[in-house]
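Below you'll find the structure I mean.
First chain written, first letter: the chains are A, B, C, D, E, F, G and H, and each begins at residue 1.
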Amino acid sequence: GRRGIPEAILAEGKTPDEVADLSTTALETTGRAVVTRAGRDVVEAVRTAVVDGGHDADFDRDARARTLVVREDGGEPPEVDATVAVVSAGTADAAAAGEAAVIAREIGARVERVDDVGVANLTRFVDVLDDVRAADVVVVAAGREGALPTVVAGLVDAPVIGLPVSSGYGVGGDGEAALYGMLQSCTVLSVVNVDAGFVAGAQAGLVARAADAGRRTDS
Amino acid sequence: GRRGIPEAILAEGKTPDEVADLSTTALETTGRAVVTRAGRDVVEAVRTAVVDGGHDADFDRDARARTLVVREDGGEPPEVDATVAVVSAGTADAAAAGEAAVIAREIGARVERVDDVGVANLTRFVDVLDDVRAADVVVVAAGREGALPTVVAGLVDAPVIGLPVSSGYGVGGDGEAALYGMLQSCTVLSVVNVDAGFVAGAQAGLVARAADAGRRTDS
Amino acid sequence: GRRGIPEAILAEGKTPDEVADLSTTALETTGRAVVTRAGRDVVEAVRTAVVDGGHDADFDRDARARTLVVREDGGEPPEVDATVAVVSAGTADAAAAGEAAVIAREIGARVERVDDVGVANLTRFVDVLDDVRAADVVVVAAGREGALPTVVAGLVDAPVIGLPVSSGYGVGGDGEAALYGMLQSCTVLSVVNVDAGFVAGAQAGLVARAADAGRRTDS
Amino acid sequence: GRRGIPEAILAEGKTPDEVADLSTTALETTGRAVVTRAGRDVVEAVRTAVVDGGHDADFDRDARARTLVVREDGGEPPEVDATVAVVSAGTADAAAAGEAAVIAREIGARVERVDDVGVANLTRFVDVLDDVRAADVVVVAAGREGALPTVVAGLVDAPVIGLPVSSGYGVGGDGEAALYGMLQSCTVLSVVNVDAGFVAGAQAGLVARAADAGRRTDS
Amino acid sequence: GRRGIPEAILAEGKTPDEVADLSTTALETTGRAVVTRAGRDVVEAVRTAVVDGGHDADFDRDARARTLVVREDGGEPPEVDATVAVVSAGTADAAAAGEAAVIAREIGARVERVDDVGVANLTRFVDVLDDVRAADVVVVAAGREGALPTVVAGLVDAPVIGLPVSSGYGVGGDGEAALYGMLQSCTVLSVVNVDAGFVAGAQAGLVARAADAGRRTDS
Amino acid sequence: GRRGIPEAILAEGKTPDEVADLSTTALETTGRAVVTRAGRDVVEAVRTAVVDGGHDADFDRDARARTLVVREDGGEPPEVDATVAVVSAGTADAAAAGEAAVIAREIGARVERVDDVGVANLTRFVDVLDDVRAADVVVVAAGREGALPTVVAGLVDAPVIGLPVSSGYGVGGDGEAALYGMLQSCTVLSVVNVDAGFVAGAQAGLVARAADAGRRTDS
Amino acid sequence: GRRGIPEAILAEGKTPDEVADLSTTALETTGRAVVTRAGRDVVEAVRTAVVDGGHDADFDRDARARTLVVREDGGEPPEVDATVAVVSAGTADAAAAGEAAVIAREIGARVERVDDVGVANLTRFVDVLDDVRAADVVVVAAGREGALPTVVAGLVDAPVIGLPVSSGYGVGGDGEAALYGMLQSCTVLSVVNVDAGFVAGAQAGLVARAADAGRRTDS
Amino acid sequence: GRRGIPEAILAEGKTPDEVADLSTTALETTGRAVVTRAGRDVVEAVRTAVVDGGHDADFDRDARARTLVVREDGGEPPEVDATVAVVSAGTADAAAAGEAAVIAREIGARVERVDDVGVANLTRFVDVLDDVRAADVVVVAAGREGALPTVVAGLVDAPVIGLPVSSGYGVGGDGEAALYGMLQSCTVLSVVNVDAGFVAGAQAGLVARAADAGRRTDS
């Protein structure tokens, strides 16, 4: 894909057969297929189609992130010499965070996952702070009131990308309160749309590439 | 007033003369006048009217909170044996926080103020945590993304009342993001409307009275 | 849980098996499991898992509130010497009110239920007013136009927590009109998000604890 | 005007001179001019223009309602043998209520005013209940949470028209919470737009005419 | 019911059995059961329960309005000597209009139905104008842009009650555009919430009673 | 300008001097300057700058539309052999309608104005229907509930462009109800944003050009 | 239908049988039935009913557009000597674009389809620009941020009608961002409601008729 | 400031004297004062206070960006070896873009400005594409429909930060349409709140620092 970003196939709103067709085509033309929002039936349909098509491929399924990466045997993402940290607050944020992590990894960045560090219990975050500080760019997924990216950006030097998640309920639920809170953040952040794990991971991957390009041009 | 809550006079949308009239009436009938959202001209008008009316009164002006309390000489609020902590994040939150503090104090509670402790720099809050933990109930004013009450409620045992403030800009400004964030908080809070310092202070005062009643009934 | 609030397991969005797993873990580690928004199948799954796990436990199911409390035999909540009144307007409000009542009770407070007292027929509320006035704190659940907490707060001295309910229809339905009305209330209230029975009950429980602490410290 | 409703001149957004011109024209062609949302300068401009134009007219100014009725000497509204009660909650509702009262009166109905009866203190309303029950139709103006029309409709038999008022603040202010609450009312009401005193008064006048027509056709 | 309005049972959100129970109770205590938003299964459940309960009752089902009225044999609504016209624009508006008609009839009014007269083809409405003009009060149901009540109120003298319907699509769909348009109407109207056929019919019935009371008191 | 649309100078948000500068530049480079949303002071500033600059120019001011067209002496818009009808409902719609008319005329179309034909009194519109039917395309400006374009599109064969106007008040005011109503119209329309007279006039001009091109290519 | 626009039958919300009934009636009375939003079952039901009814008819099914046109054998739409271009950005826009194309064709216009030309890859659009420039009027369907119509209107001379599509996700999804963006477009456009392919196609057909009328009257 | 971001003083909502005080303090403690949203009177007040305070300082005023930077003589921002491109669409976007540019420059990055390249005339952007492609990160400011960042991100490889601007009018004005469009962008972007030039510039500066750190660590 352009800018090193893989053309991902969004399974939501497509039949398993349609996703399988698109996936084998992607595999044949680019050596890779990246599927997001994929349930178990989609994964099975793709696996069957790929195997039936006689491809020798590796399958990388992340059930929580609901992603599937199919890669020609031996194929590897490019190597980007930079790290993306992906931080999430709670269980409900894990899917979006996972999607971001997979995309950043497919762009070639190293990915550091930090999960279950909510603002309701900040001491857990302090314990892992050094890992997060070591990254070149940080994605922070958070639902409900979406306060975690603000807190993180107050504690790390790297750019932070806020990823609001459609958990929450009542007024401001569906990720709206989280998105608005991140847009109003009193620390410096940029944000993506609600549940847009793909976009957050891709943008983080582009920043990682910028850091890597720095590394290369200067060497 | 009912429940020990003073009948406050909201100066906004009234002429200084109207406020002065209402204030002298309140002073004569209840021994006290509490004015909120009062600019300098309102304060002058009330002072003049009270003095011209031959009253021997004490004036308590809080310019940042934009409040004025006039009290018959020697008059005192009831004594409520309980403490309300009023916490605010930044300069923009000081007015709403101040209004809450004045009302809680007029209900008779002890008030502990903690200002300028934003989520962007949490170490400042940790320094004063013991003072906040000593209170029976806590009001937390915050604008922008309104994350502070969530953080405070994660660190103290007393009930926390979130007071969203109409700072902020762009989408979710005018206190909407702050209110929605507090309603979605992943720690336990109750909230009041945007800039409703009077309501937050009065509700905190009622909780203080409940604590005090506990103290009394048991003794 | 922190502040005496039980870590409740929200069954909504989880499979019965997942809830059963989380419940047995909670039972083993804390001696108690509190499940909210639980349908019949969830209750069965938890019961089976607990019994199969060889636990000797008490089950407390409230079908209308859709809650389930599992407690080690002989275990009891702490005793908080204070009363929470939980008032609801109509049938549609009973689930949220029930959830609030269960949580307040698990925190240890005495709970006084008053149901079916809507603003369309205020004489019914007047009949039970003395019971409500005897409480240390009052939760009032109301849907549609959400007027009941305003009326209650005009008649009792204790702090009132408004709990908007997602009944209603057309514009302002889904609890929005009720929430906005409570935020605008011309009597003093604090509020929680739509259908947030858990939060209302927990906040009321915290106020009850404050009253109880008063009772204890003074004695 | 059609249906017996006077063609009212809305002064808001017009210069005093424009209003004066329109008023003298109305006076000359229909024997009456009804001006709403009229400040003091508008009233003066109309008075001067009418007097300078050599008209022998009666002026009826209601400063709180911000209305002005100019009538050819001796001219009278039609007589409609029915009563409109106009009820308002607080000071902020008086302008909208007053506008409704003036229009109902110009349609020819008898008007019964009941002011300062808010839901925060319902005993005041109970005192005047008999007067309201004697009316053929009731307009109830209320701002903030707009609960009063719901309560009134629970206590009277005549049709009630809710008139939401743009008082209030924060989220749901500007009359939105009041309007939504009335639309969700758990008693039977119809409503008009925020601050639409003219429409409420005119609709009440039409109902009064229907009652009167009943009286006439049957006699 | 109060004000002559039947206590209707809203079937939506209830099981057929629950509705059947409520219906037999209503039949036994008031001689009548009025069910709204009732599908075929609800109708069958009620019929079976009533017959099984040994009641000798009349059933009045309106499939388009989705209403069911069960009445003790020989029982009749009161007679209100006044007419309610119920006008609707298109197929999508028929259910709400039908609900309004049934309720007005149960209050005792004569009901005149006029269907399929949309603003896109006004000549059809002109043909039936005399029938509508003969009514004491008019309910006009309209979805999409909701323009029909405005046009009707420009052509008849009686009070018009706008009933917005949740047809429509895209931005402003679900009845919002219709409701907002009626609130902004440049002719005099009052309105009820989206799809609130029950409320519109009941309010029209109250106006009919006022007209009838006129007829009676004067005779 | 591209597509024959003049580059109009929007005076709103610019100082009279800035507009004067932009206008003389436009006059010198294109032989014409079209200014919209121009108050009296802007008109004077442009006139002075043009005259002082030694230009021999014609000035065409439309005070109601708040437009000013300056044209080199002898210069003329192109001739487009097609007619744009511009219809408006009330006084408040005249400015937007006038802006549309000026732009359509500057594109070269013949413009037919029809004012003061609101849906509250449809007989006035019927009187001028033949004039509107003779046009190739129709712009209909309407505020409040914005019903007029729907009615017009039910009576004419040419394409209709709805132009919502920011009159109205309360909920749905500022042109929102009008825009939503036009988007929901049950007759075929396309629309432009609120108060976008420039866009409506330009789009109508483009349709007129299409009709004219038809005339030319075929001849 | 009026203005040459076929009376289309919207299958959404109707049973296959209801659609089949309406279709045979339409076929018998007008020689044509146009069904939109039709799934496979609807198509089968109509086909069966038409054949069973003994009609000799042509069926024109567009699965992507979800339309079905049934025409009496030998019947043809009128011929309109003008071209409508229908442009779409991505797969998600194809249904709405297809609906617009079918309706324009049934009005009699020539239709030129241009698909898969999104703003993310503008070079694809440049390749087909000449085809689009040859049209008399252009419909541009676009979801997500809805930028394509703005870009197209900057490159062609004919009138452009924006058709927002309910793709997209998170805040501004469901076509809202696309609609708002088109209303704000910095090039001249008119728009229709979200997914209103029927309206866009019909309005384009009316413009094509205007161009054709030009051709005829001039010849 | 933290992360190399200067503590900017937001002049909006402060008196010139307050800004002058804050500025001299900042100058004394950090060697630099950065003021945003500063009108001419603020600039004068700061200049006077700094000179009167006896400081030997450089003043850098950008009138279009409404910023002022005061720096101790000889002081310089850090050098960050990376480039931020700041692209804007029209006149209305210049202020927000300028604010972003100033902040990025104060963080130490090289800044490349590209102005007046709107989507309505894309050829202008193509001319400068090489300059933008040379940057490590790109800020794109755009109002109205906010389409420019989408187009830019389709043509460059570096990360793009969308900066929505509160130009526009009617529904979706005030930057809402622009923000929503950027959140829905079909190319990869992250965004900041409406008019948040400070945040966009700071985030871009942090990315530039990441690129620079890459350069340094690798050398």
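As a working rule, a contact is a pair of C-beta atoms (placed from the backbone, for glycine too) under 8 Å apart; a residue touches a chain by one contact, two chains touch by 3 or more.
None of the values given here were measured: they were computed from a predicted structure.
The interface in F-H, C-D or D-E that matches A-B, meaning over half of the contact pairs are the same by residue number, belongs to C-D.
Note on interfaces A-C and F-G: more C-beta pairs are in contact across F-G.
For the pair chain B and chain E, the distance between C-alpha centroids works out to 49 Å. Each chain gets one centre point, the mean of its Cα atoms, and the points for chain D and chain H are 53 Å apart. If you average the CA atoms of chain A and of chain D, the two centres end up 59 Å from each other. In chain F, the residues that reach two or more other chains under the touch definition are 154, 169-172, 176, 179, 183-184, 193, 196.
Remark: chain E residues 169-172 touch chain G in the complex.
Residues of chain B touching chain A in their complex: 89-90, 118-122, 144-147, 150-151, 153-154, 168-173, 176-187.
Within the complex formed with chain C, the chain B residues making contact are 2-5, 81-82, 136-137, 154, 157-159, 161, 179, 183-184, 188-193, 196, 199-200, 202-203, 206-207, 209-219. Of all residues in chain A, only 164, 166, 175-176, 179, 193-196 touch chain G in the complex they form.
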